[in-house]
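The two complexes that follow have chain A in common; it is paired with chain B in the first and with chain C in the second.
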Partner chain A sequence: MGKADVVPTPGVSSDTPAFDAVVVGAGPAGSATALALARAGRSVVLVERGPFPGSKNVYGGVVYGRVLDEVVPGWWNEVPVERWVVRRSTMMMTGTQSLAVDYRSAAWGEAPYNGMTTVRSRFDNWLATKAVEAGAQLVTSTVATGLLRDGHGRIVGVRTDRDQGELRANVVVACDGVNSLLAKEAGLMAPAEASHHTLGVKEVLDLPGHVIDERFGLRRDEGVDIEMLGCTRGIPGGGFLYTNSDTVSLGVVLSLPHLAEAKVRPEELIADLKNHPSVAPYLRGATLREYAAHLIPEGGYDTMPTMVTDGMLVAGDAAAMTLAAGLWLEGVNFAIGSGLAAGRAVDRAIAAGDCSAKGLASYRSDLEGQFVLADHKRFRKAPALVLSERIQQRYPGLICDLVDGMFTVTNPVPKPGGVRLTRSVAAKHGVKLRQLAADTVRALRVFG
Partner chain B sequence: MDDIRPGPMVVACIRITDLRPQIEPLSGTVVREPWSTGLSPPDAAALEYSFRIAEAWSGHVVVITAAPPSADAVLRDARALGATVLRIAVGSPSSDQAYMDDLGSDERAMAGMIVAALAPFGRPSLVVCGDRSSDRGTGALPAFLAHELGAAQALGLVAITTTDQESMVVAERRLDGGWRERLHVPCPAVCSVEGAGVRLRRASLTATLAAQRTEIPQVTAAGGPGTTRGTHPGGPAEVVVGPGRPFRPRTRVVPAPDGDDPRLRLLALTGALVAHDPPTVVGPIDAAGAADALLAFLIRHGYLDTEPVGEEAATEGTR
Partner chain C sequence: MSAAGGVPGSGHEVPGGTWRGISFEDRMSTVEFRVGERAHITVDSDVCRSCTTKACVTACPANLFAPTSEGGILFNYEECFECGTCYMVCNHEGAITWTYPDGGLGVVFHHG
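Right, the complex of A and B next:
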């Protein structure tokens, strides 16, 4: 159904349950929305298509919980954590080389902590339980199949796949993920463009906890997050490795059009990564537990959909909230942040008696006033830079060869000077110093 | 406790388990997660058969389980379907592990507790259980229940149907070679069913939301083996096998749905408002074959035109 398709919905009965809000999708964004609304005293139904929140989730990253400080004080005492990330490593790689910048902080291993690895089925359920405890109604195993509209085309609820399955509400909040069918039906989201998405592919590998501790230099509940560049055969993207309690998540994130063009299967790239000399020793003896893949909306600020229409707004991945800005790859905290803002906006709109797009407009201004859209706006050029040809295909090898030239002892040949070495390595990789300088300036502008 | 209703009582005696248990790799300890508890396929089938039989008899369904509070979500779903529900509190309320240890220790005692808990509802005409559970169940509980109730028993069934008389059901059980035996089971009886052949119906959204607001009645464990045994002069009636030789059910053709509205045809075909479709395996096939299969699916269900147009028609053969 398109934006202009505003015909009255037949069969919308007045006796279906009426709520202040219906939230579709019990991921972090949906549960945060429901939590904010329930705490504001609003009646809210949280509709989840899986048998429990998080049941279909294949996420395998780091969750940064600072956003929870104000809504669940002391959340770290109860959240289902796998490991607290105390090491963050960024690795530039070629097929046989790697250069890692490794940062470790003891403070990250203590309250209030910085980031954690978690199993999303447990995390999502924990957050949804918070919403239910606050008064939200959670309905699982139920698919929102479409929007209900009144005679003026205004969205007044959702239709589900259950009998008597119409839910009428003042506002619908679509938190139904990267391929949001409701946002598309509402005309808020343009047809998906492959170039705005990446494919995340992940293996979860079993490894005893004490072996993970020894190999990664960790203790007890400490964890590591390794982000990798140059491990995808030139396909724009990157790799990642996260430690869980007794598993390791290893995977790649790949530009969809380039992956299709390369005619390479993603599992081949994961196999490459597992066999890389810098990664293989970590994983020796590990056995495969799970394999999963998922689309990620990495287009950033410039590809976000319209967020509000009469009677509806979108949050989380449905609003392309994942921040993929090279050094930063964050999603769950942005989903929670947008969900909380959505809840506040809906509460304000209902209190004002205006749930039109105008009444819900405070959602966007709220997001712009906090990290969610501020960070996206600041790094709006980052996706294009990070996925550019030189960053992806030339600089990892250039940097590794530069370091190789510096530290390989070539006696009796004298050591090369830094400028000469840089010139020769840049030439070897087809990069002019002028381009190098230009990219440096561009990077400073993007990230500065 | 819910109101005691008139009419024959069909009891679904179910076991609510963690459907996705985690195993500690070093110790082998089973870690149960309250949020992933649910019905195993045999227990779901038992519940569905209970509803079907109760409908045929104009009776009502009582769902009973011995479980910790984490089972309440499943019981609310059963309540949304119209059943009276009852949970026997066993183990420690704070520990699902203790529940599991308690439950696995003595199934005969458990049968006594269940029969004692059912006593206020009257004597069940039929008790339906799943034929096995995924967490340490031995499959012996239905037999113990039959013993406690003094009822006939027919275990490991693939189908239960009603007859003209409420004192009898007809059941089918698998035999080797694709054959089945047909059993005439006199009531009261205890039957256990495989997790096959039927899908548990889904409650309406209205009923689901209403059920969420209700408390689940809970009784503490009481009774024990032999304390509640049914009294039937001469013991339970016998199950009759037959008549004649085993039978082999015929395959049946499912007609294509009628109508012009693709959405309605799709709903009719998939039963989307009744139950979810299982996944379909179409491979392994190559990429072109997979694309063709997807297109064929979309055309079949009305999402695409049946006839390719323009250039697509010209190039269809080379796709």
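Right, the complex of A and C next:
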């Protein structure tokens, strides 16, 4: 990829926008925004603070590619994929037990595919290259340090840490990630709300591809996604394991306020998981390739910032677009979806000659009309339920003990009936049957 | 779950002096940092002295915050993930000033 070393010179006078749009952050949201704008014939500069797109980014993770179908037809023939996910496993665990619900689909291993594991340094670079090929100008190693405003307070560009590095544009699109300093400066987002965030810590472990195939029951290019509940010492969150070509990604996601309160170091929880009897055999002999950490905006729909203001839009993690709804854990697809919508909205606003909040308002309605906000709205109560005390601290053990009670043969003692077993296991875990019933109803409401 | 020891045969046995298979130093040596001269995060140790939780010390995934004998905090910015955990868990306004490193510097993830 071409790496620009010089910030483009602003236009004839310092008051004239040099670009239709300046997009901050060349992650999936920013590159999708820049791609949409460049294809619409708009001049766009894409500013990335890392030395290359993806260098600051961490995910689990899986990319669900359906959102790319209309943007890059046949994307699966060229995307830098590690493995196509054909197995999706949800595991509930205690320190010594686990119960997994394991789904496998042959169709997921064939075009047009469902989800893939990939590495962000390669995937984000690929998407940024698409934007550059469409005409966007990528400027790496450059931090957008603040917003430029005109005499009326309207946002008219960004300052950067380059010499003479002011970038003026009709619209700023802030795709600057979970800590979005631009959204905070614009007053769209709270300065620090720990309860809306989780910390993800991840180890990428070297393991030969053929060993991964054998241990996880995979053929070449096939991958597995294992999501785990009950492996974080009661700290709300969960664990994950994803297979890449020649590495395995393993980590935990932890509620920030609870992590702080628990006084546990994050890497200790990864070590717990690596030593778990259901996980350790998969990883025997694996060695650490890279350790990483990143925040995740998991608060969902009700914690999203204001997404539009005069001269600026917010997309991707900066707009808290990560879907953390228990069974569904997605982010990159939401970032791309919001970026494409941001690009469309900016194009329309420029065409109409109105880049005020009113002129940009079609962004929000566009998102409401498609998966990006529809999914978030549907599952708006999910983050609170998934991170609730009984789900996190009682049900994994309760369910494992229930299964244990069913399948542990106790001859000559007769098998217990289902009702008696449930009653005794629930009592052991401090859960009343009416709470169990109430939580079942709540879950049906939240996910229904 | 017990924090002690490793599972025999798992490849994560505890050699002497290291924590469950890998020392923190070795863990951090797997990460590329292009260290700049400017500290992008600063900590006002005077503010920290009145803090009773010091949540940053355990929560920071890069283990960059160390309590001092005088009750303050010693901070090293060089091997920072730029994640934001520290200022999010900090409940003392003004203790942590958080920005990004200069362009091109700081953490570089290759397998993120």
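Structural remarks
The criterion applied here is as follows: the second predicted complex is superposed on the first by the 432 of 448 C-alpha atoms of A that agree within 3 Å, B and C clash if a C-alpha of one lies under 4 Å from a C-alpha of the other, contacts with A are read in each partner's own complex, and residues count from 1 in each chain.
In this text, a residue touches a chain if its C-beta (ideal position, glycine included) is under 8 Å from a C-beta of that chain, and two chains touch if they have at least 3 such contacts.
What you see is a predicted model, and the numbers here were worked out from it, not measured in a lab.
Superposition model on chain A: chain B and chain C are shown in a clashing arrangement. Contacts of A:218 after superposition: neither chain B nor chain C is touched.
Legend: residue contacts after superposition of the two complexes on their common chain; A:208 is shown touching chain B, with no touch to chain C. Contacts of A:398 after superposition on the shared chain: neither chain B nor chain C is touched.
Contacts of A:67 after superposition: neither chain B nor chain C is touched. Of the two partner chains, chain C is the only one that A:57 touches; chain B does not reach it. Judged by the number of chain A residues each one touches, C leads among chain B and chain C. When the shared chain is aligned, no partner comes close enough to touch A:318: not chain B, not chain C. Contacts of A:162 after superposition: both chain B and chain C are touched. In the superposed model, A:293 makes contact with chain C only, not with chain B. Using the contact criterion defined above for the overlaid structures, shared-chain residue A:125 touches chain B, although it does not reach chain C. In the three-chain superposition model, chain A touches both chain B and chain C at residues 51, 55, 121, 141-142, 160-162.
Those residues of chain A whose C-beta lies close enough to touch chain B in the complex are 16-17, 45, 51-53, 55, 121-122, 125, 129, 137-139, 141-142, 145, 160-167, 206, 208, 246. Here chain C touches chain A in the complex through residues 1-3, 6-7, 9-12, 19-22, 24, 26-28, 30-31, 34, 53, 55, 58-59, 61-63, 81-85, 87-90, 98-104, 106-112, going by the rule given at the top.
Considering their complex, residues 49-51, 54-59, 95, 119-121, 140-143, 160-162, 178-179, 181, 192-194, 197, 199, 201, 204, 233, 247, 249, 256-257, 259-268, 271-272, 274-275, 277, 280-281, 283-295 of chain A touch chain C. Looking at the complex, you find that chain B touches chain A at residues 19-20, 25-26, 33, 35-36, 38, 202-209, 212, 272-274.
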